[in-house]
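The structures considered in this document are given below.
Shared chain: chain A. Partners: chain B in the first complex, chain C in the second.
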Partner chain A sequence: MGFPWAQEYQPKSGFMRWIDQRLPLPRLVYGAVGGGYPVPRNLNHFWNFGVLAGVALAIQIVTGIVLAMHYNANADTAFASVEHIMRNVNQGWFLRYAHANGASFFFIVTYIHIFRGLYYGSYKAPREMVWLLGLVIFLLMMATAFMGYVLPWGQMSFWGAKVITGLFGAIPLVGEALQTWLLGSFAPDQSTLTRFFSLHYLLPFVIAGVIILHIWALHIPGSSNPTGVDVKGPQDTVPFHPYYTAKDGFALAIFMLLLAAVIFYAPNYLGHADNYIPANPLATPAEIVPEWYFWPFYAILRAFTVDFILPAKLWGVIAMFGSIVLLFFLSWLDPSPVRSGNYRPTFRIFFWILIVDVIVLGYCGGKPAEQPYVMISQLATIYYFAHFLIILPILSHVERTLPLPNSISESVLHGEAEEAAPYGTPSRGAQPQPQPQPAH
Partner chain B sequence: MIRLLGILIGFGFVLVATISLVNDSWLYFSEEHEESAEHRFHEHPRNFAFSTDGPFGAFDQQQLQRGFQVYREVCAGCHGINYVAFRNLDELGYNEAEIRKVASEFQVPDINPETGEPATRPGLPADRFPAPYPNEVAARAANNNALPPDLSLIVKARHGGDDYIASLLTGYRNPATYRNHDGEALPAENRPGQGLHFNPYFPNLNLAMPPPLTAGQVQYADGTQASVEQMAQDVSAFLTWTAEPNLQRRHRAGLAVVLFLLFACVLAYFAYKNVWAGAKRAVRATGPLDPENMAKTDAAKRDAGIEG
Partner chain C sequence: MATVEQTEGTAATAPHGQGADGVRRRDFLNIGAVTAAGVGAAALVYPLVNQMNPTADVLALASIDVDVSAIQPGQAIKTIWRKQPIFIRHLTPAEIRDASNVDVSDLRDPETLADRTAEGKPQWLITLGVCTHLGCVPLGTAEGENRGEYHGYFCPCHGSHYDTAGRIRRGPAPLNLEVPEYVFLNATTVRIG
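Up next is the complex of A and B:
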């Protein structure tokens, strides 16, 4: 179905031929996730996480739809309706814990998926559109998760909504009007709750739509791989089914196991105790913290404490949104033709500093806004922006990369390294090759 | 162009963040820092052994019944458990007659069927535990302007959960003689004011609730000695149940689900290894096994030095 790589679908039975001629769905499936889609044979387990994110979305939609049958988007009864789900709805506690922790796991696998893309250069040509659509999905996920957290109408729901919509209030001139427009009132209220519920129900389906585009765009060049070297021929690939369906199946089983362990044994570990207190506009919690997956961005927001030309709060808001917006330009900020971090020794050092940096930001974002956490987040914020906007553009010009293997199959066979590519070693008998072939 | 612009913007963010960092560090290092009394005197909850702890944790019905008795005779005067219905007490091992009796001892708000005036009637098993005060104003008026929270969810609504509740209930100390770990006496400005009571387990050290438990305050039906420690733990266990009545079911279902998924992981692992066994070393062309692809496969295998 327009996938340049796909093998021709040949129906095995008259029935499938009959369907295929009338609705080429079997052809689409065969070419997209079946035996007709050739995939680099050397993908490691980091390539499982896209499928896991898709499964996580499916879990959220299924549990969410059932929860919506019992939930009450009314500021007076929302909190009680959640308790009704927990106590009186059959297996309601399971649905709610699966939905709440499913959101966390959705973010965990998505962050690993983004990590994979950053390390192996999946954002580089010819996969820029895959990366851009992925970022759109990420933004939609954040909006959906934020609005979902408001729905139980606990203390953190209410005050989180107030703080996050308050960010828009920092925008000069239109800020306050914009905030009121978003909330539908001057503070989070009935009107806020109903619109957030409506959008929280809508956005997952928008995400599903963008995921289709994301996968479509992926199938034009096909998957990247740990060497970053282009597929040279059929010896470099295996069909998606059964090879990667089997591998994804194993990853999925592990994912479900970990998710179940949290749902059944630590269902409130990732949440905040204050959200079991009903929302009270008159009592501010001792500290207002968002869910853990927003902590790195929350730390960036709070790192700007000095009015310099613009008010500090506006700087924080600009930096927080900027920290994500800059990722949209990553493909052009880092034009190094070598995709994989395995062959970029200097990039690798900065990359790992970035990972530690983001974890530090996350840690500080979960702490109260007091010293030394603010100073640490300021330091980490400086590195975050320096990494993407200063170091990467310069590095991609000056870095001496390691020789790439001639092909995927060669790198696979070299040293019996199974699916993993050897780690930046010159290929056996091959001339060092400083730059890869242009992608297309 | 994008890179140049990016570098410029990057320096902009770095500059502003650096100004903030320098400013904050200057403030931080030029001032004397003394940890606040709330930090120095606040105690983390003690670690109690509850039957619900751990992945195999289950409710101890005897203890829940004792805890319910403490709630009813001590806490219920000021605190509601509004999300719990009388019928839920069957999970504590009470039979229907006992539940009816308990419910009838509470007056629940209703409407007089003849006049339509607000009225009360004895509770029924389907009713939920009534709140002790008709509204927040009444609750504050009766409690020196403090609001006793509903306890249904208190174990999940506080860091430390059941350990925190039990620590708090046993944690009242005399502010005049109290010494923290460093042997320091409580500063005068942190002494409890009028109507407040010192308790190092409470985040800001002084709370409005007077020490609620005294030894021998309740007569346990099962003959257990009603020490303050005992009652505190019993009522905490009871409040764990009110907050998470499905805890035991959850732990049991979790065991089955985790075992099932472990088995699924093993199967999926071997399925994965089995599927890949052929592809690990042998190189195979994708697509239909037509002569053209077979020839490519053979050529690739020859190149790679693989037999077969």
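Up next is the complex of A and C:
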């Protein structure tokens, strides 16, 4: 893994040498997130969000394991056990609010992470596998979050479970049988709650496993960077530790401050008040809305209102799943060799339109299914698909991109040509600078 | 990039940010940042650990009031306190006499009956119904149960014999049956816990 100039792990003590010879785990960690992983020296703060997502997952696992010690996956007592956590368990209110808002923050940093990848072309060769594994993580996250939202067994839990599993009911022929199989009943019930709890506990560990593959795949070519230019030599990189551990640490402090602000001052801002009403199979809430992080997809689902060959409901389901499935083909839909949006002036305009488009979709997804929101959702859905299926393929062939810098260090050092010369090319007297080493 | 190439070895030249004592400004920042992070982490560990302590609803049941007026001398009842059995025995004068006549220095866990009962109420023996060996519930509260060789309680699990003051006399148990904190609210009501 990594570049030939990556620092080798040197055990600092006899004990660590003994460990290293028998189980080279310290070596693995050193090479993955330590001084042994050379990273482009020009990463900006958008490169913090992968680490933040990892921390968010860790927060969810720790708080979740603790909540599971007090939660009761029983349709009769689940709601009361959540209130028990809020009222009786020592600091239970904090743990539950940290878990509920931690999920929202996990999605916030993951969405920024995804859009970072879209803007800087992180999905392009040779990092297609990183992108594909990331999408798998994203799908697992959505499944986990959905099932977690069902567990408190409030009104939104119950009716959300009914609506989302109802999506599978739209599939022709097998749909209804599939929905019944997923629920273990004809409506969300004890069987649904128990299996969702089981899977909600399992999937985060599956996510952790795929994250390891995600990072492994990333470390084959190494991290991308804001210029999109390949690393050409040691002068283009710095060791991950301490340079990016410090930068990530700073971002982590900001992240924790924001999360704490929401937990302590607006813990229910991102939730829905109706979920504090116990589930009632006989009374549907006035409007059923999923958690905010599903709103863009919910808007796409509801944008289809006319039967055309297939029922409108089925079109909505196909489009909603399609909106994510097409991202799996993104590396091939956009074959432009220039990775970074910084050097693609036209792409950049469409990228920002896409951001606005997704925000508009999200806004409409949180509103009732009535005009004008349905009409806006329809237009925004058309643009979403057009962006990926029409605009990007055409753009990658016709766009006139800006000249790329010769190397990362040239782009950083602006005109200091000798220092920035690509590694190995003869320059007027100056030797290539070695990768800067941290002070020990 | 000048600052990152400083090493301890260049202390003699005292580069930027390094005082005469060899302490760099960055050392201060490192210690400050790691300390702040450590305090934050410790603060977060507290709720994660403390959530495993008894919850408020468990603590709300931590004391119980028991009406003992119906217990005749020689009888005992079993009740539940903090999810554990509690034995309340109304001792007969003969049992009090037996318990008081024992030479305390011969006991494995030396305590007098007076140590184990409330002042002025030596007839009320209130103990946890949990054998101090491995936690079984001893026999002897109900009519006709085996009360052991010392006529108190007998633990059937490993054969521990307790006397009429609930003190261990024979068998593997190391200690006397535990006496919980209690007060008599009036002549017939006792608050345990």
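Everything that follows uses one rule, which is that the second predicted complex is superposed on the first by the 408 of 440 C-alpha atoms of A that agree within 3 Å, B and C clash if a C-alpha of one lies under 4 Å from a C-alpha of the other, contacts with A are read in each partner's own complex, and residues count from 1 in each chain.
Simple rule for what comes next: a contact is a pair of C-beta atoms (placed from the backbone, for glycine too) under 8 Å apart; a residue touches a chain by one contact, two chains touch by 3 or more.
Because the structure is predicted, anything quoted here is derived from the model rather than measured.
Judged by the touch definition given at the top, the superposed model places A:V89 against chain C, while chain B stays out of reach. In the overlay built on the shared chain, the residue A:Q10 is in contact with chain B alone; chain C does not reach it.
In the superposed model, A:Q371 lies in contact with chain B only, and not with chain C. In the superposed model, A:L379 lies in contact with chain B only, and not with chain C. Of the two partner chains placed by the overlay, only chain B lies in contact with A:I390; chain C stays clear of it. Using the contact criterion defined above for the overlaid structures, shared-chain residue A:G249 touches chain B and also reaches chain C.
When the two complexes are superposed on chain A, the residues of chain A that touch both chain B and chain C are 87, 94, 243, 249, 253, 256.
Residues 62-63, 66, 69-70, 84, 87-92, 94-95, 243, 249, 253, 256, 436-440 of chain A are the ones that touch chain C when the two sit in their complex.
Across the complex, chain A is touched by residues 1, 4-8, 24, 26, 33, 37, 40, 46-48, 50-53, 55-58 of chain C.
Residue ranges of chain A in contact with chain B, taken from their complex: 7-8, 10, 35-36, 38, 41, 80, 83, 86-87, 93-94, 97, 233-235, 237-239, 242-243, 246-247, 249-250, 252-254, 256-257, 260-261, 263-265, 267-268, 273-274, 276-277, 286, 303-306, 308, 312, 315, 319, 322, 326, 329, 332-333, 335, 371-372, 374-375, 378-379, 381-382, 385-386, 388-390, 393-394, 409-410, 413, 416, 418-419. Against chain A, the residues of chain B that register as touching in their complex are 2-3, 6-7, 9-11, 13-14, 16-21, 23-25, 28, 55, 83, 88, 149, 152-153, 156-159, 203, 243, 245-246, 250-251, 253-255, 257-258, 261-262, 264-265, 267-269, 271-272, 274-276, 279-281, 283-288, 293, 296-297, 299-300, 303-306.
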